[in-house]
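Below are two complexes that have chain A in common, paired first with chain B and then with chain C.
Moving on to the complex of A and B:
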């Protein structure tokens, strides 16, 4: 009885739209009957499945780089900043969340432009005579994503670090382990679940994001959300867009299952 | 007691449902509800009409006909009164049964440039469903302080190695495919599937020379900030609005020609406010309305009416006097059937994915 509202909510806002999209992707509105042609098109057209490969490559890189940057950042916040200043430090860390996502992406475009701050600084060092092509590249997309997701991961990893019982570290020190060994054998394994949850969130949010690659990538390659939007823009091809969205959803589901299984194995 | 409670609950549910419907609807029937492109959202255009008719114009912006039709599909019949639409897509709206024939005798059709009335698209079965309100060119936009304007008189320059990495391409497949067709000497109205391999070759060469393929804001920003010096598919809609801040931005109609874009206004057949919808269309087509629309803060474009009340500086920026020559050398948007349209979009996707 208690789960009824949640069940109804799920049915109304997840199951029903999902079924509608699945039917739409099979061209159920067409007089020719149900067909899997939209799915076939994805798997047989190199430009289409290339979008999925691009998405996985970009998202994979974003997730790894974000974890590598966020972990030390979270560690400094949790371990090196005095407790009374931690709240302020966290507040400052999440400042980028306060600005509009679109505005932030356009700002990055200007920062990375030929005459932008980054290129100007590089030219002044004398190491470069020509400005680098930074804006409108995959690198720009990754920078835009990482800037956002490092903050998200920092929060999840920080929470994991703060939940660690300090007696584990003391016990390790008492048993003769140095700081590096303590980190590798005690702290890191215990915070991995937090890292994995943050990494999974990063993966899911990045792979479905349209704004960042569209603004910063310069359309020099297409990612899945851009390919989906293309079908809707002028032609209004909702069946193909639905099929592509469901394929993307399947990939996210596989990533979730892999993540959940891994966490389960870790716990046993 | 129980019956009273049930009936009270029913009344509350009905009230909630009605409130929900009212909230979901774009506005009340007394207002005018318009599905528009961003140039119609300019208060300088809307306010005089609202003040003169004591009415509120509720606008909803969209990009792309498919997205516009999707909004209509998700609305109740009668929610919308007027729609801005690519002139070539008017027949798609008519086929869906969305549009109301417009009374030609109540519209200033005689004031329009004959080349932009586009009766082939705006009229279906002899009835007028759309009226062209604004037009322009997808051609070559450039920064004349960085590019030799003489080079911009030929599309071949876009493939020249000396402009490698200095070009942006406007991200809309129809006009740019049209430009590629002009480059190989094809007429946009006669394109068939057999032309696509040659068009693809031109597109891939353009892409190899380009730095980015961007939608309106991105390509405009790239040209304005000096990230690129040339915009393929650009025209007065990019350069005119920025002319005051950056007078070096200009456009050319090369010897191969340009692609004529044109947007129309249409009235919904389910509109509950048809008189006011017609008044709005008449206002936009009036000399004052045309001038305000042409110089909208979102993007400038040529007014469809020759009588638009533009001042001299605005006419100069829009190159008003050169229009007869530009129009003579322009060809309409490709208007492919659904099958060819799909193939063109796939070709565009392939071009975007090519490194």
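Moving on to the complex of A and C:
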């Protein structure tokens, strides 16, 4: 009884749309019956599968760079900052997280523009005489993504560092391990689940995002969400867009299965 | 050694803080620009672009639309999330794990795909695009979140309090209203405010599912076509301010629940 409204909502507005997209992707409205031509198109047309490769490359780089930047930062917040300031330091570290998606990407466009503050600063140093082409590149897309996910990962990694039982660390020190050995053999392995949850979230959110690559990357190379939007908007080709969306879903599902053992929602 | 670690830590933390705040600072500073381009050199401060935003009826009505969609869709998501979390936590249901998985499933699906699926279905059903269809989409993305947050906070120790109330003769509805809701309110409010911030910021579903009346992120997106413009900075700064207020409310709720 109690769970019925939520289940109905999910079935009606989440499951049904999926079934509809699956049917559409098989061209069920055409007269020749069901075909997989939309899928074969994806795997044979280089401009389509290239978008998936671009997406995987960008998302992979974003995930790795974000984890590498966020881990030391979370560690500093958790270990080097006095306890009474920690909450404030963390709150500050994720404050820009709350800027709207569209606005955040636009802000990076301002920063990276031809006459933006970065180029302005570089020219001032005298090391560069010409402004760098930063906006409308893959680098800009990656910077925009990394900015968001460093904040997200700092949050998840900070949480798993704080949840560590301090007696493990004491035990390691008592047994003669120095701070570096304690970190490598005790702290790092115990925080891996938190890192994996954050990395998974990064991967899923980044690979499905349309805004960041569209605003910052320009149209030089397309990522999957841009390709899908192009089918919907400019060409009105819903069957192909559905097929592309389901292929993207399949990739996310594979990532989910790979991370499944770290991702459990349980009651406390 | 210790001193070196401290020094490196401080330097690294400052660099990351700088990176995190760079775009926000640039956005806000150049929203006060008095000339027509939000690029150096800074010519302000001036409030002319804020005045331009506030006198732009497209933007102000989009802002009201965004608020309405955020409040209503979050209330629905939190209510459905609470009821289902309570149902799953308190009663043994057949196929419980599978059904819980089903409710949380939309969390792993990109907003773009959810929006597109809804677009296809609404097209077939002949439902015109509107703020309502966008709101339905926002409930789809926020319901699993509300469910997961509230469900994770339903501890077994609370069951005993509910049992005691039932033993004392309270009906199910009285247990719900007088016992469960008050116990769970921090989790409910947290999920409500988190949903509101997500709905407030959401772009792609609103973009696909609205037509004439639209939400603020979509209207900002339309502004972007005119290139770099201090007016976009001003409206972006305002949106940021609203989100920060929501985030601070959320933080205060969490702080009350877990005194640090």
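The rule is short, and it goes like this: the second predicted complex is superposed on the first by the 246 of 268 C-alpha atoms of A that agree within 3 Å, B and C clash if a C-alpha of one lies under 4 Å from a C-alpha of the other, contacts with A are read in each partner's own complex, and residues count from 1 in each chain.
Heads up, the rule we're going with is that a contact is a pair of C-beta atoms (placed from the backbone, for glycine too) under 8 Å apart; a residue touches a chain by one contact, two chains touch by 3 or more.
What you are looking at is a predicted structure, and each value in this text was computed from that prediction instead of being measured.
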Clash or fit, chain B versus chain C on superposed chain A: clash
First, second, both or neither for A:165, with chain B first and chain C second: neither
Chain B versus chain C as contact partner of A:69, first or second or both or neither: second
Residue contacts with chain A in the superposition, chain B compared against chain C: C
Contacts of A:220 with chain B and chain C, given as first, second, both or neither: first
Touched partner set for A:99, first chain B, second chain C, both or neither: second
Partner chain in contact with A:129 - chain B first, chain C second, else both or neither: neither
Chain B versus chain C as contact partner of A:44, first or second or both or neither: neither
Contacts of A:238 with chain B and chain C, given as first, second, both or neither: both
First, second, both or neither for A:80, with chain B first and chain C second: second
Common interface positions of chain A, toward chain B and toward chain C: 106, 109-110, 113, 115, 215, 232, 238
In the complex, chain B residues that touch chain A: 63-67, 69-70, 89, 165, 171-172, 174, 211-215, 217-218, 221-222, 225-227, 341-342, 345-346, 349-350, 352-353, 355
Contacting residues of chain A [partner chain C, same complex]: 1-3, 5-7, 9-10, 13-18, 20-21, 24, 69, 72-73, 76-77, 80, 87, 91-93, 95-104, 106-111, 113, 115-117, 120, 147, 150-151, 204-205, 207-211, 215, 225, 228-229, 232, 238, 241-242, 245, 248-249, 252-253, 256, 265-268
Contact set on chain C toward chain A in their complex: 5-6, 9-10, 12-13, 16-17, 19-24, 26-27, 30, 38-40, 80-81, 83-84, 86-89, 91, 93, 99-100, 102-106, 108-114, 116-121, 124, 136-137, 139-140, 143, 147-148, 151-156, 197, 200-204, 208, 216-217, 220-221, 224, 228, 232-233, 236, 239-240, 243-244, 246-247, 251, 255, 260
Touch list for chain A against partner chain B, complex: 45-48, 50-51, 106, 109-110, 113-115, 133, 135-136, 214-215, 218-222, 227, 230, 232-238
